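So, here come the structures, one by one.
Below, chain A partners chain B and then partners chain C, in two separate complexes.
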Partner chain A sequence: MYLALVIAVLVALVLVLTRALLGPTIYDRMLSVNSAGTKVVILIAAYGFLTGRPDFVDISLLYALINYITTIAVLKFFEYGDLGSGAYQEDDI
Partner chain B sequence: MELLVDIVSGIFILIGCVFMVGGAVGLIRMPDFYTRLHAASVTDTGGILFIMIGLILQALFIFDNPMAAVKLFLVIIFIFFTAPTASHAVAKAALMANIIPQCQDGKSVVDKSLASIYHDKKLSPTDAKQQVKTVEGDDRV
Partner chain C sequence: MFEDIAAIEHFVVMILLTVLIVLTLGIIYLKDLLAAVILSGLYSLVSAAIFVAMDAVDVAFTEAAVGAGISTIILLGALSFTKREQKPQKHNNLPALIIVCMTGALLIYGTLDMPSYGDGKSPANSNPQLAQHYLQKSPDETGVPNVVTSVLASYRGYDTLGETAVVFTAAIGVLSLLGLRRRRRQEDPNLTPRQRRRQQSEDT
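The block that comes next holds the complex of A and B.
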């Protein structure tokens, strides 16, 4: 069962990374990188269960945290050109 | 008992795999950026919910490891807050970069994007929203 789960996650990961290579705009690539990060979270947890060591869940929790920060930071960089600028306004769309 | 847990968690994991692979295929085949965003974000959240429920059942009843179950539950909570937030951030960044939603035949849904009106005229966001008109004679939006 875990092996089937790992194989399904790997197939989905290959499809998502194909979009990251093809993607016409930078936002397609960003979307697929975010989606790939979510799949890696599942992959790490499932691999821990596959090898009989559920303690791998710690790493997948940490990866979920890092994935979110990465997406927000890269998007802010491409939108404002600077990570430290205070250009964001409260009434922005 | 163990057989029952295996069957139930297997069903949950199977549903989650269908969600996840379906979302990945949608990410390849959808024609437009916003449709791809929809396919990816919704199925990510749904797929991780079902797969993690299946793994929680396994951790509780097969591996007898309640701490792993608590951590998997924390992953569910965290993904449920962050995945829609990240999708919203991607959509907002794309809209501000003048990527306009498209119809099936490639026509754009709006005359002008919200972002260009906002930047051209320095209007407030509510005024800019009122100026966005749909294309005439198109009722499939």
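The block that comes next holds the complex of A and C.
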């Protein structure tokens, strides 16, 4: 059952990757890369259960956090065109 | 059963390596630099997944934290100083291609005398008492319950300290390049001339 899950996630990863490479706008790429990161997280967890090492769930949780940080950084770059200016703080108040 | 797991591991790693090749070609051919940065973050995450599948969990942690996390953010910071689109190339870069191919060939040549992956006759596997020593004695010798952490932080502590110093120095270098330019402040009419001079000296 886990083998089928791993193969399905690999197929989904390839599909999402196609959209990331072809995607006409940057939003397509961002969305597809984010969900490809989610596929990697699921793949690590499923692979851990498949090979009898359920501790891989902890690793996949950490990868989910890292994927989130990257997405937040890229979206902040979209919004303000800069990462370190601090201009947004004055605008938000 | 064990044979099946080895075959599955090879299958998963081969698919993920193919994904890496496709991602690399995409990064090379995309003219949109922001998309290339995003794809390079995904590249690091997929290669970290390969390291996890090959049981090198500590390397995978480093790859995920540095490659997918920090270096994407640093590249985005660098991107805010340039334009989003790559300039069209006018000169040919054949010499660079030759140098890169020669370096790659040298690196592959360097791996030729290493034991192949999972080899039972490799030095690490042909001396089982060495692995037994670390597995059984490391909690008593170092006081660290996790074996991998005991090797990283205690037996190989100076090596890890050197790696950390390299990463720390690189981070300080990039931060000093990015953070020196300060945003110009609004002129405040209520300031005394002395405070205004102080602000100007801070800005420059």
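Assume the second predicted complex is superposed on the first by the 87 of 93 C-alpha atoms of A that agree within 3 Å, B and C clash if a C-alpha of one lies under 4 Å from a C-alpha of the other, contacts with A are read in each partner's own complex, and residues count from 1 in each chain.
Here, a contact is a pair of C-beta atoms (placed from the backbone, for glycine too) under 8 Å apart; a residue touches a chain by one contact, two chains touch by 3 or more.
Values in this document were obtained by computation on a predicted structure and should not be read as measured data.
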Task = Could you classify chain B and chain C on chain A, in the superposed arrangement, as clash or fit?
result = fit
Task = Kindly classify A:V6 by the partners it touches after superposition: chain B alone (first), chain C alone (second), both, or neither?
result = second
Request  = Could you look at A:R19 and tell me whether it touches chain B, chain C, both or neither (first, second, both, neither)?
outcome  = first
Inquiry  = Looking at A:A73 after the superposition, I want to know if it touches chain B, chain C, both of them or none. Which is it: first, second, both, neither?
reply    = second
Message = So in the superposed three-chain picture, is A:I44 touching just chain B, just chain C, both, or none of them (first/second/both/neither)?
response = second
Message = With both complexes overlaid on chain A, does A:A64 touch chain B (first), chain C (second), both or neither?
response = first
Task = Once the structures are superposed on A, label A:M30 by its partner contacts, choosing first (chain B), second (chain C), both or neither.
result = both
Nearest-approach distance, in Å, of chain C Cα atoms to those of chain B in the combined model = 13
Query = So which positions on chain A get touched by both chain B and chain C?
reply = 13, 30, 52, 67
Ask   = In their complex, what parts of chain A are in touch with chain B?
value = 1, 4-5, 8-9, 11-13, 15-16, 18-19, 25, 27-28, 30-32, 34-35, 38-39, 41-42, 45-46, 49, 52, 54-55, 57-58, 60-61, 64-65, 67-68, 71-72, 75, 78-79, 91-93
Remark   = Per the touch rule, the chain A residues reaching chain C in their complex are 3, 6, 10, 13-14, 17, 20-21, 26, 29-30, 33, 36-37, 40, 43-44, 47, 50-52, 56, 59, 62-63, 66-67, 69-70, 73-74, 77, 81-87
Task = Would you pull the chain B residues touching chain A in the complex into a rising list?
result = 6, 9-10, 13, 17, 20-21, 23-25, 27-28, 33, 36-37, 40-41, 44, 47-48, 51-52, 55, 58-59, 63, 65, 68, 71-72, 74-75, 78-79, 82-83, 85-87, 89-90, 92-97, 99, 114-115, 118, 124-125, 128
Key: chain C - residues contacting chain A, complex   = 5, 8-9, 12, 15-16, 19, 22-23, 26, 32, 34-35, 37-39, 41-42, 45-46, 48-49, 52-53, 57, 60-61, 64-65, 68-69, 72-73, 76-77, 79-80, 178-179, 183
